[in-house]
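What follows is a pair of complexes built around subunit A, which joins subunit B in one and subunit C in the other.
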Partner chain A sequence: MTTETAREVRQVSSRGLGAYRGYRPPPGMISWALHRVTGLGVLLFLLLHIVDIFLVNYGPETFNELLFLYRHPVFRIGEIVLVAGLYYHAANGVRIILIDFWPQAYRYERQLFYGVIAVFLLAFVPTAILMIRAILV
Partner chain B sequence: MATVRPHVGRERPSGGFELYSWYFFRLSGLLLIFLAIGHVVIMHVINTVDEIDWQFVADRWNSPFWRAYDWLMLFLALLHGLNGARLAVDDYIRPQGWRILAHSVLWTLAIVFLIIGSIAVLTFDPTRFQAIAHAGG
Partner chain C sequence: MLVTVRVQRFNPETDSKPYYQEYTVEVEPTDRVLDALNYIKWYHDGTLTFRRSCAHGVCGSDAMRINGRNRLACKVLIKDLGPKITVEPLLGFRIIRDLVVDMEPFFAQYRAVMPYLINDEPPPVRERLQSPEERELYDDTTKCILCACCTSACPIFWTTEWLGPAAIVNAHRFLFDSRDRATEERLAILNQKFGVWRCRTIFNCTEACPRGIQVTNAIEQVKRRILFEQS
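Now for the complex of A and B:
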């Protein structure tokens, strides 16, 4: 082990898990954990959504009757959470692709993470306002 | 001092199925940013679940464009999501038997949901029900 590597190892161990590079950048493992949680959450909804759209084949009465589920206030809130998850997953996914295909990206990992948060907020805040307004009207 | 890129992110698989899935994960992700976010904006922000009903779906799927759009999204989202679930399985489920079981469940979900989703998107024929509605009164 060279001195350089030894120093690196010491630094990593003293900084704990936060020192993981790449997808699990210094701003905690938060970005990585959120990516996985939002991904699995959207997948779960997708499976439900495929089942409900399959029911269009059973005609207007069956399909429309089941829509009370999606019009329920609890689902309307869940719908906004779903959009938040999707937007985060999309923004952070771009960061992952940049890290994979742009060799210098790791130098800017903190900035990229802040960029993800900025893009997420820019997209989500107006969307959430419109969706909440639609519920209240 | 030679600058060596530190190990960043998930290592690119060296070949075979894992390499294809690595590329598919990223390419489908990029396409889904447009497909899924476009879908969300049209179906959850511009229109809401208050307006969407069976007739809305029937009108929308009159257009081959939207059927193709929805089918492509179904295909990419389902495989992208289940590939993510597969990686989560590999991270958390260690015993060989459970791992095989979990992978089998994911592949089964992929096949079953791809089939029922495709039936919904590709075979839905609204005139069948409209004819009944007219005959009925």
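Now for the complex of A and C:
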């Protein structure tokens, strides 16, 4: 009976977010984790964006006062991160749609992920250069 | 060849949480991880606990995390891993002891999809005929040995109660069988909130399957069937 209670107390399971650290991620798991993180990041920005557009209701002064936030260097670097998140989320979203609706897509799952990375870099590198230039001038 | 095997240990009667223990063993490069574990158990430390039965990749007892990925210990060769090997129990289950986990939730998911042929029609004089093309549709999913490599490799399964890849694979095996008549009941089970739609096409299950089943593809086929036939 005493050992029974001891067993009750020392129940160990590997459920929950901690389990993510326990698995060496294959490419598919990396693509999914990035998709979640970028999705949440974009959502966070969207909430802020709804708030700032809403402030237009209180007249141009209130709205313009908020715009100092968007001119702040930290925010402008944050914008580059936002664009990176958007580009990745969009490209990988197309990959997920292909996997869902193109019956042969599962054969090329990894190649599609490397394709997503290629499309992401092709779109992001020029944009980032333009944005960094805009910050510097 | 001398290898260091780092094993996650846990005894619920004496330990408060799992810890790692290292064993150095002399093995052949062509030995399997299971051979190393057996050697440890038989000659170094008889308290090391793990499941194994057939030792030939058919019974599915010795599924565990080997160097961070779900594998059958009896199918992984030492030479493919190098001199340092980490062995841990499957993720997402309660640990009973060392590498043995409580698989009951896994089998409950399996039973939930009615994994047997349902056909109330009177049997014909001879067999229920099926063409090779009809058989081909579910050939891949007949190979499942219920080792839980796929389900416990699924990141969604680690945090959420859902059917999991293995149960869907076994549902697929009957859904795409021309002799089965319970398509609607099974699709209704799989179409629930915690059915196929929890799958985020991560492909960890396909990567982990020791039988080479295209698990994610099977789940996607079920999703498309629900989408195009049920609506």
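In this section, the second predicted complex is superposed on the first by the 110 of 137 C-alpha atoms of A that agree within 3 Å, B and C clash if a C-alpha of one lies under 4 Å from a C-alpha of the other, contacts with A are read in each partner's own complex, and residues count from 1 in each chain.
Going forward, a residue touches a chain if its C-beta (ideal position, glycine included) is under 8 Å from a C-beta of that chain, and two chains touch if they have at least 3 such contacts.
This structure is a prediction, so every number in the text was calculated from the model and none was measured.
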Taking the superposition as given, does A:Thr127 touch the first partner, subunit B, the second, subunit C, both, or neither?
first
Check whether A:Met29 is in contact with subunit B, with subunit C, with both or with neither, and answer first, second, both or neither.
second
Let me test your reading of the model: by the given contact rule, A:Leu43 touches which partner, first (subunit B), second (subunit C), both or neither?
first
Between subunit B and subunit C, whom does A:Ile99 touch in the aligned arrangement: first, second, both, or neither?
both
So, A:Phe63: does it touch subunit B (first), subunit C (second), both, or neither?
first
First, second, both or neither for A:Tyr114, with subunit B first and subunit C second:
neither
Under the stated touch criterion, name the partner, subunit B or subunit C, that contacts more residues in subunit A.
B
Shared subunit A surface residues [contacts with subunit B and with subunit C]:
22-23, 96, 99-100, 103, 106
Across the complex, what residues on subunit C touch subunit A?
10, 12-13, 15-18, 65, 67-69, 88-89, 91-95, 153, 155, 158-159, 200-204, 206-207, 214, 216-217, 220-221, 223-224
Subunit A contacts subunit C in the complex at 3, 6-7, 10-17, 19-20, 22-24, 26, 28-29, 31-32, 96, 99-101, 103, 106, 109
Listed in rising order, subunit A residues that touch subunit B in their complex are 21-23, 36, 39-40, 42-43, 46-47, 50-51, 53-54, 56-57, 59-60, 63-64, 67, 70-71, 75-76, 79, 83, 86-87, 90, 93-94, 96-97, 99-100, 103, 105-106, 127, 130-131, 134
In the complex with subunit A, residue positions of subunit B that touch it
5-10, 12, 26, 29-30, 32-33, 36-37, 40-41, 44-45, 48-50, 52-55, 57-58, 74, 77-78, 81-82, 84-85, 88, 109, 113, 116-117, 119-121, 123-124, 129, 132-133
